[in-house]
């Protein structure tokens, strides 16, 4: 029986935890299997949940979020017969962990391009949640994509705050959106968890475009959300559960090529995405896969060539 | 900073101040009657949830508002029960109410809507819409005053106007009516009220109930006017900021408005200006994030003297000679 | 002149209050369609049924003891320190700096160094609000709330921009070196022949917390400084008469309070995570307020209340592990416990007093001597 | 006999195990002043609080003007025409006089009409009874005498026919007290009934028509005032003979202990309260400072006690005293062998929530005698407390009781015991017997005189002229921050001092 450990944001964060949950649910629905799950409440529970599930015979034990890397590195060696999955992690050196990380900057690059193309004011916005490197990583890819389309594009980037409350403050998200709109932004990319709900809402209210993140959020405001940067945590979880105990371990980076990241196109935003936009983005996607375009990761030297944080 | 930016920052100030102001006035009524209330946060939160939930289910924002007020009043009643009837510790009761609201909202939301502690998004009549003041669009072109009127003053939801109207109303009630006189007296010296033949318990319950109503409106404003639904913990500490504003204002209505506007303004500034580049030295975003709090401390230390709370505040009333 | 024997006040009232809170919690569990009996079993079994459960319960309790004591000490001087959260965060920073940048030969020395760092940083974070209160009359409740927010920003800046290892995604410091790892209860108890669970994070900081309880008790009720703190807390004019300086007491009490809150970092940062993470305090500073209030600001009460909250945390984790009950249920249960034991205790006390009154009246009417009034060796304030 | 204005039948009331009133019956004739006396804790206040609906009796009946009346709350008492002036005034400090008067007796939902009406009524009352107050003054800005007038006006404004006063003169100056009694007589002449609780037998003799004596919760006697004597009343109250005069031998003044030159004190609001005074107190004498409250005596004591900063020169035993800065606090004063019985025992002299034994160290808690290593030596402290409790006859003799659970007199004994037993060179005493029953007064006075006889200097501040005359070897009168003059007690009289206290006669000493 597999087990799934959500990060502190909780499984319904409308973001990557929720994506993980969706993947697991799909697996359960399709196979009729069942899985254990826990929403962490405190830092100390990370190790606890890992051990408890491992001892209870859960296999594989799937974890979501980079914060699980550290506890995994101490717990996993104690349970060599159990396989672990670490999503958003790629730097551990433990044999029984499958490390899955996503090239969020590549996906963000694509939506950045779309933002720049859709913008009429040549000003686009980015709203992050808590100011952590991962979110800068998103913003950095986004800015590079936008600049690639239009070197003169203005990118306004804001973070919601410095405490975990920044993930759940839609009111602040709204105000940031309004502030960015007043500075001229007409497309705004939200990578801010629950705060993003406020961003998308206000963007829709004010008649500008927004870009969702992680899951497909196009349906939240049909015709108002330009696209969503997809991060297929659900696929990663689904595949891990599907593989079960036979799962391969090692480091897997899911980028555009692996369809681990991408942008969402469905009936809700079909009218917003012009053919020209679509072809440019698809071209860039291919170029990134082929190595013709290289998107710089924020992690490479903790700074971004296209944006200052 | 150009004129329009100023207008926009001030516009944002008004929106951000409104929930603070409502909660602050709620605290003012309660604390003026001698019942300390650190449960503003919890009452706002539960009201935010129930207003959004009922508005989502019925499609009527007004029913939502009523539900929000009712739920906030239930918690206010609990606070009254603990701190007035059973003469318990008012601080503990407030802490408990905050926890209770944080837990119950998500628990109920999950049980009810299965959307991970959220309500469905509100559409149409489920939200408070902005009100255009008369001639707002006509006057837009008038220099200076036009934008002030049509951008800054016009276009808020009715609850914003209510909140600001509540300030003079609160002042009037407190200082110009019999009820206000008694309310202030009971917060200063309940024995004086008691020996004057007026019920201390009744007055305090009334004050706590008013606080419940105002917190209810504040919560409804967050969920149904500023936002289109409830998200867990969406009050994000605003109850505590309102409490700070209340102390800052030394428990006076007009000052409360000033304090809330100031806090709102500081937040608006911090949201608007991040990563300020001062000739090569980039102020980190964290510094801007902390700015409202730092400035609050500076202002407190520099300009505001000692804040003396209502004399009987925090103490349950026990008869003695 | 007690109306009720002391033991009833100390034992029966909290007990009945807890039963009431539990009963209501059970109703909540029923309402969301789960089995309360099974849930309670799971919680008790998970939190107290094994050394493993105890290890977690005590780990959380250690955090709450420190923050609870911090709030309690300030309370005795009638100062409401809401800033335990921020002070504990800064304490964590102190511990991290001490552990990372000083090469310690052995954990005992490192612990002494870490304690110093934690107390210094925690106290420093309390010092400014204390000074403003003492000298400028700025309300300490507001300033400490503000300093919590500022602490979060400082910590965020330090972790994201300064202390994070190059290229790491995690906004956290590097891991502390092996030499500063604190022994867990497993390692401490093994020589005594007790096989305590290896996995649980409870560590030597627990002993530190217990020592802190004793020290705070001695400080408050046995030293002159404690006497002055309590006197000032009860009456400012009285303090003036007795030559007790309000400025000094305000500063000293808040510095001690901040240092205690900071000390929490030895447990969660040094003992458990062994690195500094962003959200390391997780609201323990706020739980400390509830713990101090429930413990009536008495170190022993704080000790018990901390264990109760530790139990709720760990029991709640077990509940979350093995059932689909949302974790918010635990928050609700905590709220009910705080409400009934802390704020609604008179709801139990008043009827109980009546019962005791009628018993003693009956005894008096039968001509038996009423029991002598109990003597109270120490009487916690509040 | 006429129908009594008040008749209480078999009133009993207990607080937990304490039976405050046991089966009390009493009749008060209309149009009379009825005194109630009794030791601290005898149950006087409780009985009156029951009559006023503040407490509810466990059993018994209340009859007003011949009608059985239920008084479940103060509202009912007011409706029955009863008004009460509590010992501790029930006024809202930051309200104006007018606001306090209308509180609970407003005429409608809006304030302004009520205020206007009360303003008019107040003027009429003021004219009628000489009860002048400034209707717009804030309570915290007016003196206690004035506050008491407000309380009386409150009752009259509510058209009370029965007025209860609980220890009304405890905080008044003689002049204020005289005026109060004039007002009471006028009210009586109007047909109103007055119940007066007091510890002062002189007042009972002068003002009342009938007097009831309470002891340990019971009514022990009710007598016509004209048919009794202070000595008899004292004996009825305390259960033994009481010495009503202070018994002392003439003073033997020695070298100067306290020398004050040109002392000036400014209060927190920046008002100069002590305007340059010179005083000397010698070993073996009691210098009494008489004066109406609020003329700088309190500030004088506070500066000497280290509670407040001042300017000028003060020497104790020839060495100068720091008047500001670090060396000017209470600890430094105690180190100079200055002991201080403060004016307000509850706010200053004691920590009400501390045990008696903890209070015995209050101010001296850093004394090496109470120390063992880094800790306080609580065992020594408790032993010391037992000794003091026994020597000063503190009742109940329980060192574990919180200070707040002692009566006023016994609280004061704890403070006096603590300060006198330090064997100080200089004792500062403020209002030592305020609100204390005569048994305790006798005792406290004896202790102060005994200290003097050991050759110590005593500076006594009191608004009770009787007390000043009884204790002081030399009297200085203070008015408006200055010394109006010094007199010897046997060469002056109350009248002369009264005039000096009003700033009218006397020359600078």
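For clarity, chains are labelled A, B, C and D in written order, and residue numbers in each chain start from 1.
The rule is short, and it goes like this: contacts are C-beta pairs under 8 Å (C-beta built on N, C-alpha and C of every residue); 3 or more make two chains touch, one makes a residue touch a chain.
What you see is a predicted model; the values in this text were computed from it and never measured.
> Tell me which chains count as touching both subunit A and subunit D.
Intersection of subunit A and subunit D contact lists gives B, C.
> With chain centres set to the mean of the C-alpha atoms, which chain is at the far end from subunit D?
A
> In whole angstrom, what separates the CA-based centres of subunit A and subunit B?
Those two chain centres are 34 Å apart.
> Find the geometric centre of each of subunit C and subunit D from their Cα atoms only, then give the gap between the two centres in Å, rounded to an integer.
One centre to the other, that is 45 Å.
> Centre to centre, by mean C-alpha position, how many angstrom separate subunit B and subunit D?
Here the centre of subunit D sits 46 Å away from the centre of subunit B.
> Which residues does subunit D have that touch at least 2 chains other than itself?
Not one residue of subunit D touches more than one other chain, so the list is empty.
> Would you give the residues of subunit B that are in contact with at least 2 other chains, written as numbers and ranges?
110, 117, 237, 286, 289-290
> Touching at least two other chains at once: which residues of subunit C meet that condition?
149, 152-153, 156-157, 160, 326, 330
> Every touching chain pair, please?
Those chain pairs satisfying the definition are A-B, A-C, B-C, B-D, C-D.
> Could you please specify the touching residues of subunit C with respect to subunit B in the complex?
Touch list, subunit C to subunit B: 28, 31-33, 80, 128-129, 132, 136-139, 141-143, 145-147, 149-150, 152-154, 156-157, 160-161, 286, 289-290, 293-294, 326, 328-336, 338-339, 342-347, 350, 382.
> Can you check the complex and tell me which residues of subunit A touch subunit B?
Per the touch definition, subunit A meets subunit B at residues 10-14, 18, 131, 157-159, 161-162, 165, 168-172, 174-176, 178-179, 182, 194, 197-198, 201, 220, 308-309.
> Residues of subunit D touching subunit C in their complex?
Those in contact with subunit C are residues 16-18, 305-307, 329-334, 340, 342, 344, 347-355, 358, 361-363, 365-366, 371, 374-376, 378, 400-402, 405.
> Okay, in this complex, where on subunit B does subunit A touch?
Touching subunit A from subunit B are residues 4-5, 8, 11-12, 15-16, 19, 110, 115-118, 121, 222, 226-229, 231-234, 236-237, 267-268, 271-272, 274-275, 277, 282, 285-286, 289-290.
> Please output the residues of subunit B touching subunit C within their complex, sorted ascending.
78, 81-83, 86-93, 95-100, 102-104, 106-107, 110-111, 117, 237, 240-241, 243-244, 247-248, 284, 286-287, 289-290, 293-294, 296-297, 300-301, 304-307
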